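You will see chain A twice below: alongside chain B first, and alongside chain C after that.
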Partner chain A sequence: MTDLKSNPSTAAATSAPAAPKQRKLNPLNGVAHIALFLWALATAGPLIWVLLASFKNNTEIFLGKPFAMPEHFSFKTYADAWNEAHIGQYFLNSVFVVLISTAGTMLLGAMAAYVLARYKFPGNRAIYYLFVSGLAFPTFMALAPLFGIMQSLNLLNTYTGLILVYIAYSLSFTVFFLVAFFKTLPAEIDEAAMVDGAGHLRRFFQIMMPMAKSGLISITIFNIVGQWNQYLLPVVVMQGAGADSKWVLTQGIANISTSAGYHAEWSTLFAALTLSILPMIVVYAIFQRQIQAGLTAGAVK
Partner chain B sequence: MYAVDSPTTPAHRAPVGPGANEPAPRRRKRRGKGDDVVLPWVLSGPALLLLAILLAYPVGRMLVLSFQKFELKELWTGATPKWVGFDNYTAVLSDSAFWSVVQRTVLFTAASVVLTVLLGLGVALLMRRVGRVVRMAMIIAMMFVWALPALVQAQVFKMMTDSDVGVLNYLIDKLPGVEFQNHSWFYTPTQGWIVITSCVVWAGIPFLAITLNAGLTQVPKELMEAATVDGANGWQSFRNITLPILKPLLVIVTTLSVIWNFGLFTQNWVMRDGKPEPEFQTLATYSYVQAFGQNKYGLGSAIAVLTVILLLGAMAVYIRQMFKIGEVD
Partner chain C sequence: MRHGKYPFIIGFLVVPLALYLVFVVGAYLQMFQLSLTDWSGFGGFNYVGFDNFVKLWDDPVVWTALRHNLFLLILLPLVTIALALFFAFLLNVGGKSTGGGTRGVWGSKVYRIIFFFPQLLALAIVGVIFGRVFGSDRSGMINGLFPESWTPWLFLADERWALTCILAVLIWQAVGFYVVLFSAGMGSIPEEIYEAAALDGATKITLFFRITLPLLWSTLQVAWVYLGIAAFDAFALVNIMSVNQGGPNNSTQVLSMQIYLNAFKFSQAGYASALGVVLFFLTLTFAALTLRVTRRDAVDA
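Now for the complex of A and B:
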């Protein structure tokens, strides 16, 4: 695996079928490691900076020693962010909304993708294109009319409305990905179950879904991330009287940085930014094995 | 890929339906057929309905709005908006401000996508060379960046380049002979766009690298070995083996990157505190400001429609290729 792209001399040495997995140290691998290390620094650097700053108070932040350790690791900034900037409330709102909408997206998306991939019926192609054409439209295209329709459906400033909007805007990618994925699964097991008398729904839930586990998990993670990240859609949907108690996390963060005074809020903002990464750690902890298996080994194909 | 589902379909048409144990063959046949027509609609119905109401309808409405005069007066009084034909479009197209926004958006998209794809592919190729542990560490680090809300990514870069507390000025100032304290990065558009582009590329690489790394695992090792035995060098095997195998995936991720970056909104919006100067407008913010800021909803819609037309026009071939990959036959 590691010598997949090795230079001719190494590969010639390992090309004997007896030792295909033998790993040789060569200078190029050293360069690769250094390059990756530098790049890792560039990737993680900004995050580390934010994490350090989140424990500092404003004086320390303005001291001009950005990579110095904070004087003491107090969680006061976090408490401030959680309580006074209401980040706690917004955080829980986000968790609630994303949990339901991701589950909804996966259920509706998987059902639609399943029939599109496995059944021939009139309109099949048209429906597929209707779903995936959503991929080609930038979200901001539909914001103004979306506001109008949410208003006339009385869904403005409700979680139901936000959840439905999240689901609708995630379906295109979900269906596109899952149709391609379902097609790569073998049809024989499905057929065997049918011969044995399993109904359509039973085959879907007890045979297709388990077989498609790695693909489903990859796309679930993708949807959790995508919906957790939404900013424009909640700005459009969650407005009106008393909306600020129903905001999601991204709205809360934006509020700290725009409406509040310039100097007072830096440390709170850093703490809020750090909090926004937390769910990813949880998601990673839960799906660790599947991420390794599904995301790295040909799930996206 | 298409071959996979072809065995299924005839089986569905066959008289062996869900009630295979029941004796009456006529009933079985009818029921099996009926299910095949109804079931797809039942299963895809809810998703279709949501999509139609919340995505298709607004886009259609946008299209209609772009041919109407819809401003503050119509919004408040609820008066039926007047049809103005192509007035909105001629107003937009004859405005030089629009064209400079188009130029800027296209330039940004080209630069950011080329950088993201090249660097993402580079990282993915490097990942194949390193050990398992290092590779997992890379993936974890990238998951974090990828998982950050675009809003947060933009905030982080905004603060890093802040003239007072920004870590970037601090680091550059450390270089011998360089005076960089309190340097303002958004004073000139070029430097400002370098910051914005860096942010987008930084945030975009993880998705590309993780996806392409997954794609690279599909390259058969035997082929690569055969090529090296035949005397191909690293570049030749990359060019003639890896690249063709990776091509469908590259088409997908590049096309998606173009679509996403062309609609850039959050990054320049946040870094300019929700009031982007003319030099920092992209088509998305420009359309938004015209519609919501100036209350010219018809005009804003026309800009949005033109944006999609530009995007589809430039990318039609690739978008078609992308959709074909999962196409229903």
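Now for the complex of A and C:
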């Protein structure tokens, strides 16, 4: 992600032949700026529009002029979205579920990956490939049988069920990534600790985990974002009588969108959307570097 | 090895493996079993042999869905990768070539931050936003931009364009991620190569096709696979954005939606499992094909 920096010595050596070309390349540079600017506009435009529309009443929204300023700013729509449309409830549900499921994924994933990466035993390869093969298939493929399993275990419409399913479906990538990562760490320190008499558990928690910090952070971010954004699994698991009070944020927002057209003000929907986007912007602003690294980590490997 | 190795290995593996076997492997295995039954989703079932597969073969909606998945499978990676490569190249190498060294354009950091942001948003939330962006009257963002005399575009309500709208949203969300991914790849290409080629009088376009593209080949493969998986899914967008879950008139119907509808709306969970089995083999074929087609000698950077 670093820009290519020009090396002073080679720059001096090549400046003479490159200089005449500079003018010829300028039009391309202009085009570059226009293209980049347009895409930035296309990316930010809809989000800015959502923010503006959250302050408008239905009349203003149906007037068109999507980027006109709202007539007055009132946060009533936000209060409505938070309380009456239950966005606050859904938001907290999401936080609760993702907090536990990501922690669980990381602990169980790191344990499995450590054993698979660092210990020789019969069946090691088979178990590794079993985990990794899950990467090839889309989650929705086995939707009906998953529902059946949840039903027979009485886990439908429970947080326990949702959390267990989140963990199970996150293990493939977590194990795949961490096995590769653990293998890159030097074995010497681990072996030295073993000679000193440190047990297996101690070596895992006090030597491997601190050494693997950067990899663990990347994959934690990956799992938080992935599980926070999950829509298919909660739709399958959280259904049935009384499920709507346990919905996660994605389900709640999707539901407001289908019902908004019939009774509520559109602005409530836009306020709800803004409320769900804003935390992401704040978190992104703070952890921009780590988030980009975490989400691209799997692909770069 | 030390005493107590096996209890440790088993202790670390048993919980993650059990979760994975029950909820992931178990679901896939049951999918094969249930595909041969008339299970409705609740209660018992009878074995019906290959009836579901015969029915599937004769089901025009399934063929329509499959065609739409292929449409996404071809166009989503193609357009996304082309756009992302273009932007990444502009950001990294597109700047003024002052003194032979190549630099990113001015503001490339800001562009990268903006472009990447949609990746953080849940597809479900993106779907709700764009459901309104593509609103078919003046309350929609795009139609609202035009003067009052304008006859609004129908977008998602228009059979001819509904699927293209969904494709556009998938592209909108994905491009930034691949810009960052390709930027990282381009950053690792040694600048001496560019300098040498620039000395030989290569233009930026030649640089792109002769140096950047071949050296990024392995990253492109990864991108292709990831986008292929996304194209197979598309459930969240279709479920939230489209008229009547795959409409109008099945014009946005995809396999994931079909599996969901059959499992949870039409009480044909056995049939949904059969669809899953077909998809299982399609995914395997896709994976094998990708490996074959993209296998090409990578030039080590």
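What we mean here is this: the second predicted complex is superposed on the first by the 234 of 301 C-alpha atoms of A that agree within 3 Å, B and C clash if a C-alpha of one lies under 4 Å from a C-alpha of the other, contacts with A are read in each partner's own complex, and residues count from 1 in each chain.
The rule is simple: a contact is a pair of C-beta atoms (placed from the backbone, for glycine too) under 8 Å apart; a residue touches a chain by one contact, two chains touch by 3 or more.
Owing to the predicted nature of the structure, the values given are computational and were not obtained by experimental measurement.
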item	value
Which superposed partner A:Met280 touches (first chain B, second chain C, both, neither)	both
Which of chain B and chain C A:Gly134 touches, first, second, both or neither	both
Partner chain(s) touched by A:Gln239 [first = chain B, second = chain C, both, neither]	second
First (chain B), second (chain C), both or neither touched by A:Leu185	first
Residues on chain A lying within both footprints (that of chain B and that of chain C)	1-7, 11-12, 15, 28-29, 32-33, 35-36, 39-40, 42-44, 46-47, 49-50, 61-62, 64, 66, 108-109, 111-112, 114-116, 119, 121, 127, 130-131, 134, 136-146, 148-149, 164-165, 167-169, 171-172, 175, 194, 199-200, 204, 225, 228-232, 249-250, 253-254, 257-258, 266, 269-270, 273, 276-277, 280, 283-284, 291-292, 295-296, 299-300
Chain A partner contacts - residues on chain B that touch it in the complex	1-2, 4-5, 7-9, 11-12, 16, 18-21, 35-37, 39-41, 43-44, 46-48, 50-51, 53-59, 61-62, 65, 123, 125-131, 134-152, 155-157, 159-160, 164-165, 167, 170, 202, 205-206, 210-211, 213-219, 221, 224-225, 228-229, 231-234, 237-238, 242, 249, 256, 259, 262-263, 265-266, 270, 273-274, 284, 287-288, 291-292, 297, 300-301, 304-305, 307-308, 311-312, 315, 319, 322-323, 325-329
Chain A-touching residues of chain C, taken from the complex the two chains share	2, 4-6, 8-9, 12-13, 15-17, 19-20, 22-28, 30-31, 34, 39, 41-42, 83, 86-87, 90-108, 111-125, 127-133, 137-139, 141, 143-146, 148, 172, 175-177, 180-181, 183-185, 187, 191-192, 194-195, 198-199, 201, 203-204, 219, 222-223, 226, 229, 232-233, 235-236, 239-240, 256, 259-260, 262-264, 269-270, 272-273, 276, 279-280, 283-284, 287
Of chain A, residues touching chain C in the complex	1-7, 10-15, 17-18, 21-22, 25-26, 28-29, 32-33, 35-36, 39-40, 42-47, 49-50, 53, 61-66, 108-109, 111-112, 114-116, 119, 121, 127, 130-131, 134, 136-149, 151, 164-165, 167-169, 171-172, 175, 194, 199-201, 204, 225, 228-232, 235-236, 239, 249-251, 253-254, 256-258, 266, 269-270, 273, 276-277, 280-281, 283-284, 288, 291-292, 295-296, 299-300
Complex contacts: residues of chain A adjacent to chain B	1-8, 11-12, 15, 20, 28-29, 32-33, 35-36, 39-40, 42-44, 46-47, 49-50, 61-62, 64, 66-67, 108-109, 111-112, 114-122, 124-125, 127-132, 134-146, 148-149, 164-165, 167-169, 171-172, 175-177, 179-180, 183-188, 190-191, 194-200, 204, 225, 228-232, 249-250, 253-254, 257-258, 266, 269-270, 273, 276-277, 280, 283-284, 291-292, 295-301
